[in-house]
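Chain nomenclature is as follows: A, B, C and D, assigned in order of appearance, with residue numbering initiated at 1 for each chain independently.
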Amino acid sequence: MNRKLQRVRDAFRPIHLVALGFILLVVVLSLAAPVILPDPLAQDGANTFAPLGTPGHLLGTDGFGRDTLARLMAGVRTELAVALATTLLALVIGTTLGISGAYFGAVAETLTMRIIVDVLLAFPPIIFALLIVTIYGPGPATLTFTMGVLFAMNFARIAYGQTLTVRRAEYVDAARAYGAPTLTILVRTVLPNISAPLIVQASLTMAAAILLESGLSFLGLGLVPPAPSMGLMIADGQRYMASDPLGILIPSIAVVVIILAFSVLSDGLGRWLDPRRRNAHA
Amino acid sequence: MGLLLLGLTLIFFVIRTVPGDPAALLASGGGSGDASPEAIAQIREQLGLDQPLWAQYFGYLAGVVRGDFGTSFQFGTDVTPIILERLPKTLELVLGATLIGVTVGIILGVIAARRGGVVSTIITAMGSFAISIPVYVLGTVLVFAIALQLRWLPAGGYVGWEDPADHLRILILPCITLAVPFAAIVATITRSGLVETAQQDWVRTARSWGMSPNSVYGRHVLRNSLTAVLTIVGLEIGLMFGSTILVEQVYSYPGLSQLMIRSVEQRDYPIVQGVAIMAAAFFILVNILVDVLYGVLDPRARRR
Amino acid sequence: GAGDAGSGEDVPQVLTYGISGEPQPIKAGLNQNSIGYLMDALLMQGLLRWNEEGEIETALAESYEQVNNSTYTFTLRPDLTFSDGTPLTAEDVKRTFEFLANPANAAYTVAGMSRIDTITTDGDSSLTVTLKENDPDFLSYVANPTAFIVKEDELSADATVTVGAGPFVIEDQTQGVGMELVPNENYYDPESVTLERIELEYYTDATARTNALLSGDVDMIDYPAAQDFERLESAPGIVLDAQPAPLIALTFNAAEGPFANPLVREAVAYAVDRDHVASAADAGQADPVYGPVLQEGSPFATERSQSLYSYDPEKAKELLAEAGYPDGFDATILTMSQYPYHQDTAIAVQDDLKKVGINLTLDSGDQPTWVQKATAGDYEVKTTGGAGLIPDPSYLESWYFANATYTSTNYENEELRQALIDGRTAETEEERVAAYERAFEIVAVDPPRVDLTQRYNGYAYKDTIQGFKNIPGFLSLFSQNAIPYLSVSG
Amino acid sequence: MHMPEPLLEVRDLSVAFRAGKRTAEVVHDVSFHIDPGETLAVVGESGSGKSVSAMSIVDLLPDNARRTGTIRFAGEDLLAADAARMRQIRGAGIGVVFQEPMTALNPVYTIGGLLAQAIDSHGRRSKEEIKSRSLDLLQLVQMPDPERRLGQFPHQLSGGQRQRAMIAMAIANDPELVIADEATTALDVTAQAVILDLLLDVQERLGTAILLITHDMGVVADMANRVVVMNGGHVVEEAPVEDLFSSPREEYTRKLLAAVPHLGRSETVEQLPTTPIELRYRTQPQRVVEHPVLHIENLVVEFPGRFGQAPFRAVDGVSFDVDRGEVVGLVGESGSGKSTIGRVAIGLTKPALGTVEIDGIDVSTKHRRERKELRRRAAIIFQDPSSSLNPRATLADTISSPLRWNRVTRSRRELDRIVAELLDAVHLPKDAAHRYPHELSGGQRQRVGIARAMALEPDLLIADEPTSALDVSVQAAVLKLLLELQERRQFSCVFISHDLSVVEQLAQRVVVLKDGKIAEQGNTRQILHHPRDGYTRQLVAAIPVPDPAEQRARRQERQLLLASPVAPESSSLV
């Protein structure tokens, strides 16, 4: 136990801790937001596009007179949940497909990589989203599922490529020779050795999920307004970019900072998972 | 081939599952006017939408085999020339962005990995910025700054090859806009691959020969990380092909995505199907290329 | 001075017009939106047309006469031809009008045209139209841009109209990019055309369109986004001409549920703060509306008719209580995400209605989905946009009681229907005003729909462009009739 | 003889590794020197710091290592040298042969590509020059079929072939000093002899000095002028080679020499003290079987050729049996197919033809139960320890994994206990359990592989060069452990080794392979002492004995043997 902690301590440098701290802070704040901030849905027609620092509206208001800060925090909450769930879903589905496609024979490869992954990748995302929304109706769960499946294909291709190389390694042979169940080989032997690009992809996916959520919500295929979401804020902000730059700037900055925190954190995660890098300088 | 057929079948049925009636849209002038049921029925008949679904499907397949992708509902002309008109434009955009994105991405990734520390953090920060800034915002800002303020480049539109200089000038901003997040993604993946590979024993071997640090990096670290980069590049090229929509919108660039979105909005099935097939074919092509290159880059990845 | 059309200077007479989408192939009589109107104005010609003052002027017709409210005669200009040189005769006009009158052809002007009883031609150049019933507004239908005259061989619902009698013809076009037009050599009045060439360029994105104008890539744009108005107004050398035009309204499915109750609909009419909607959905670039929209200065636009309702949530609550919903109720509002002003209107309405106890959930998809649900009556209340086809109040007949599918609201009120018909068919203006007043009083307590705001429709252009004027009201979309006749100064 | 200026002088060198905030010093105040043209052997216990010291010289340690002390090469202070200068020295001044050729060769390049890069690292050469130089080098290191190897990837070579390629790269630019870290461990004795001859020859011609790290006292006796003995990160003794063998001063050295196996004196291993090991978890009943434990008949293994070329036959019609409790030595020249046979026996490589059965069950059986049973009963020690260890698993995980996978036990405490016991048995410190493969020395990694194989107490063990990287004392301990277990458990073993003296100690029978075919097989004593086959005779003659005087005599004998017409088919050895 102690040793594991030690490894974590070796891998994570101050900057990673700052990132982690920031994310935790954001989570706590966004959870606490309903208590300390005004209702993010409350419109105030008399007070639209209020500037920064307006009393009661620290970050101003939008075209509906809704408090930007409250919407932002509520949006962050939704967004983190949706983006994290999406990423996790994509990671699990995609990695499973990719590893199996590369590890097992040609039949598995055709089935996973060619039939599922390539077809889905080549399938127009907007039509896929339309279909899912048609079947299940819009909302966070549909959105997460749609995006999760879409992004899973990226993970699949990456996992596939990396596994092609790793499956030839002698330590994989060793695992087979020592009777490791196939699942164990895939999860305990192959997976850790292909984890680096997957982790990076996960942090990229976080960002992509937020942007895609914005796009899909804008098309009515994502979250249902007026639910506060960063994606919807961005989509709205884009329209008023010329007249109200703050509207786009605030959620964009929030996304950038959050994504930055996640990429820094993912670097720490990469160090932690790779014993050779754990004690390296960079 | 089988894949294309599968894709084609899927798209054919899926697009028809999605609500929206092309005949009603057409009859009402894109949904803005009134249309009597008779009028809608008449148009439906003209479009062949009154036939049973399977008959439509096999009719379509039979056409595709002959190279006939049907007649666009909205334009009333053959789908093939409409798509072929736009295909090279989108390809130019995608290839231009790929070129910039890959070059800049790899360079930044290498710098980040080699210099480490603060430089790496700065590049990570830039990367986070580049991937989280909405393409639309980036595009608009570029238009404001470079086209409207500095007036260096046009704000958008399209000029054909008959004026090569203007043609290229038009391409610059959209390509850059597409390339920015692309480069960030490539840089991130490159960096991570590099720091992992740099730990391998063979790097030490190459150093022991007295190879110059740049060669060691290029041939033994970068080269081995390229497989991961290649995967991403392949993916992104494929995805870009179908998702340049925002860029095309900001720059009013007449690419396939615009056509696709517009056709989805109009439920112009033949075009949606045509573009989807085109995109799928392109994607499959890119994938085959990636898989071949993969084997070239890493002999262990070969199937046999 | 920039305003002077410098006669000495030799300014190239080329207009580059950035438009909001790619024109669709022209179909006889079909409404194809503002871009369709533009193409109609450029390539086609009807007997009459709206001029930039919002008045009807002659086009292919040399003269016309309203014999009475149900009989109209037209005399064509001599030696008219289509752009390909084929003669255009009264027979072509008759055939076209008959086509437009047939409901199966989905013509936009079908409401007016279907009232035609007989058309008799008198030689090649004059004809008389007799209506089944009085319609003093019939000329408005004839002047509609979609009522252009079509050659015999292209006059069918599935044909694309390629030949017209308009001032311009297409010289070249690139799909998705733009098209070039040059004057039609066979146009009946070539002197009125100063421009040597018109280049249309397609900019789907409103901001991109605005940017194209600001960067000088184009000379003129249609339909700038409300949030860009300020930017355009403050740009030197740019003119923004925006006028209140299309409506955004709430329509109800009156077949069942709470909205079947007139009291509930009336409550809604009182509960929505129109200013709130205007600022939320159109950055304030819309005029609040508290009654049916009528052309300014029209004798029917009485003070009462323009203030049938007011913003009064208290009254709304009372009405709801009276209707049996003292605690309000839950409902779904159908809207479109594709057009942000629809969705933003819905969000604003949602907020206002919540205050009186009606909890709305948004059902927001893309436009085809909206059309499908609207057509199938698969909604409770929805946002609707549009402009009256003619400026006179008789347009309300089709708005309130269309038999056509997707504006159908299952609304029925025999009294109102009769009042509107009376308003149209009465012989004298006083009788008409009185009938419409009666109609509006019914609308006040049994609203078929709730009009919310009249949104600004704008055109922006370089100040070197001469001769353009945006007509206020529903006619704003027809302002593009002036495009072929513009000129460029130095 | 007057004192020449030393080529390399190492003084008070200490090396420490940092992990988080902790540092661990593994080399303490080491000093030695090498004169021009001299061969200095560094011997010592596995893990004593030999490789780390050597890598310090050329600054090729991982970046969490810290060096202190002085290192002077040709009068130049290497600790002060900047990166550009170090680069010039590496390859041209000092060439390095690494201990584990699998992971040390970049898998994405062909041997030809790698050689070209090594040659090219100091000044550009033309394509033809590079090609001819590459071929020369491969011929120099006795690579069979050099032309074909140029186009092959590292994973397509046998262990010994990889090592030869490494050596070729290290000497590509005629360095003044060659650091040879276990350069010949994976080579069969004949190849080893050839390489050693070659190094001596290069040394004679070019005056190259050699820093020879080895555990093979025979090689030391054969090659070295002086010997440095290391233990626990310290230099314990330094002496000219004759003095060391005749009158070792230190207790540790004496022990080391005593442990050296010597062909014909196979009892030595018995004298060593070992830790008795009792793996108390073994539950399955002994099976009484009538079949041989391993039955190989007419085995043919082929590897696909490049782009339409004919497939390469690595094993060609091999048949032999291993009975219960029997140890069969598998020897033969590098690339003769030994490892391939081992992989086939365990079911990792599919044979093209022939039968391979364990306890009468075909190894390629389709039945899940049978396959599981096979895995449970057969174990393999891979030739290359580092590539066969999952770089992301701790040693505890690696060693205990067979137990977990075969559901012998899942209890943490039980597993911890067994791991500790196994680590102890292979002389690894207890704390090694929580380390990762890259934090170990080559010999330590090899012992991890052995411990893993022992964990299940297999019925059949395929041991592919299991002690090649081990110093004699550890080797003896490990061998003893094997023997003990083997006696008690009656397991069978295919013991692949190039070290005939070790084979002599362990094996009852020997199979000699050459070019994928069996050259000779039979009783160990008979094969090693009265070889009938010409090739076997050469093998025996090539074994270096750990006695400088005797070895000199043997060297001459061997030259005669090679010159004689007895072995016409082995002309490749010249």
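Operating definition for what follows: contacts are C-beta pairs under 8 Å (C-beta built on N, C-alpha and C of every residue); 3 or more make two chains touch, one makes a residue touch a chain.
Keep in mind the model is a prediction, meaning the values are calculated, not measured.
Colleague: Considering only mean CA positions as chain centres, point out the chain farthest from chain C.
Modeller: D
Colleague: Could you quickly compare A-D and B-C and let me know which has more C-beta contacts?
Modeller: B-C
Colleague: Need the CA-centroid distance for the pair chain A / chain D, whole Å please.
Modeller: About 47 Å separates the centre of chain A from that of chain D.
Colleague: Which whole number of Å gives the spacing of the CA centres of chain C and chain D?
Modeller: Chain C and chain D have C-alpha centres separated by 88 Å.
Colleague: Please tell me the distance, in whole Å, between the geometric centres of chain B and chain C computed from their C-alpha atoms.
Modeller: The mean C-alpha positions of chain B and chain C differ by 38 Å.
Colleague: Rounded to a whole Å, what is the gap between the Cα centroids of chain B and chain D?
Modeller: One centre to the other, that is 51 Å.
Colleague: Spell out, as numbers or ranges, the residues of chain A touching 2 or more other chains.
Modeller: Chain A, residues with two or more chain partners: 130, 168, 241, 274, 276, 280-281.
Colleague: Show the residues in chain D shared as contacts by 2 or more other chains, in ascending order.
Modeller: 62, 155, 438
Colleague: List, in ascending order, every residue of chain C touching at least 2 other chains.
Modeller: As it turns out, chain C has residues touching two or more other chains at 207, 338, 365-366, 369.
Colleague: Taking the touch rule as given, give the residues of chain B at its contact with chain A in the complex, in rising order.
Modeller: Interface residues on chain B, with respect to chain A: 3, 6-7, 10-11, 14-15, 17-19, 113, 116-117, 120-121, 124-125, 127-129, 131-137, 140, 185, 188-189, 192-193, 195-196, 199, 227-228, 230-232, 234-235, 238-239, 242-243, 246, 260-261, 264, 272, 275-276, 279-280, 282-284, 287, 290, 294, 298, 300-301, 303.
Colleague: Touching residues of chain C toward chain A in the complex: what are they?
Modeller: Residue positions touching the partner: 207, 210, 225, 227-228, 230-231, 273, 275-276, 279-280, 283, 336-338, 340, 343-344, 347-348, 350-351, 361-362, 364-366, 369.
Colleague: Inside the complex, what are the residues of chain C that reach chain B?
Modeller: By the definition above, chain C touches chain B via 21-22, 24-25, 30-33, 36, 103-106, 108, 110, 157-158, 160, 174-178, 201-205, 207-209, 211-212, 214-215, 217, 338, 365-373, 375, 386, 398, 402-407.
Colleague: Residues of chain D touching chain B in their complex?
Modeller: Per the touch definition, chain D meets chain B at residues 58, 60, 62, 83, 87-92, 95-96, 98, 100, 103-109, 117-118, 121-122, 153, 155, 166, 169-170, 172-173, 304, 386, 438.
Colleague: Across the complex, what residues on chain B touch chain C?
Modeller: 18-22, 24-25, 27-40, 42-43, 46, 74-77, 82, 85-86, 140, 143-144, 147-148, 151, 154-158, 160, 249-252, 254-255, 258-259, 262, 264-267
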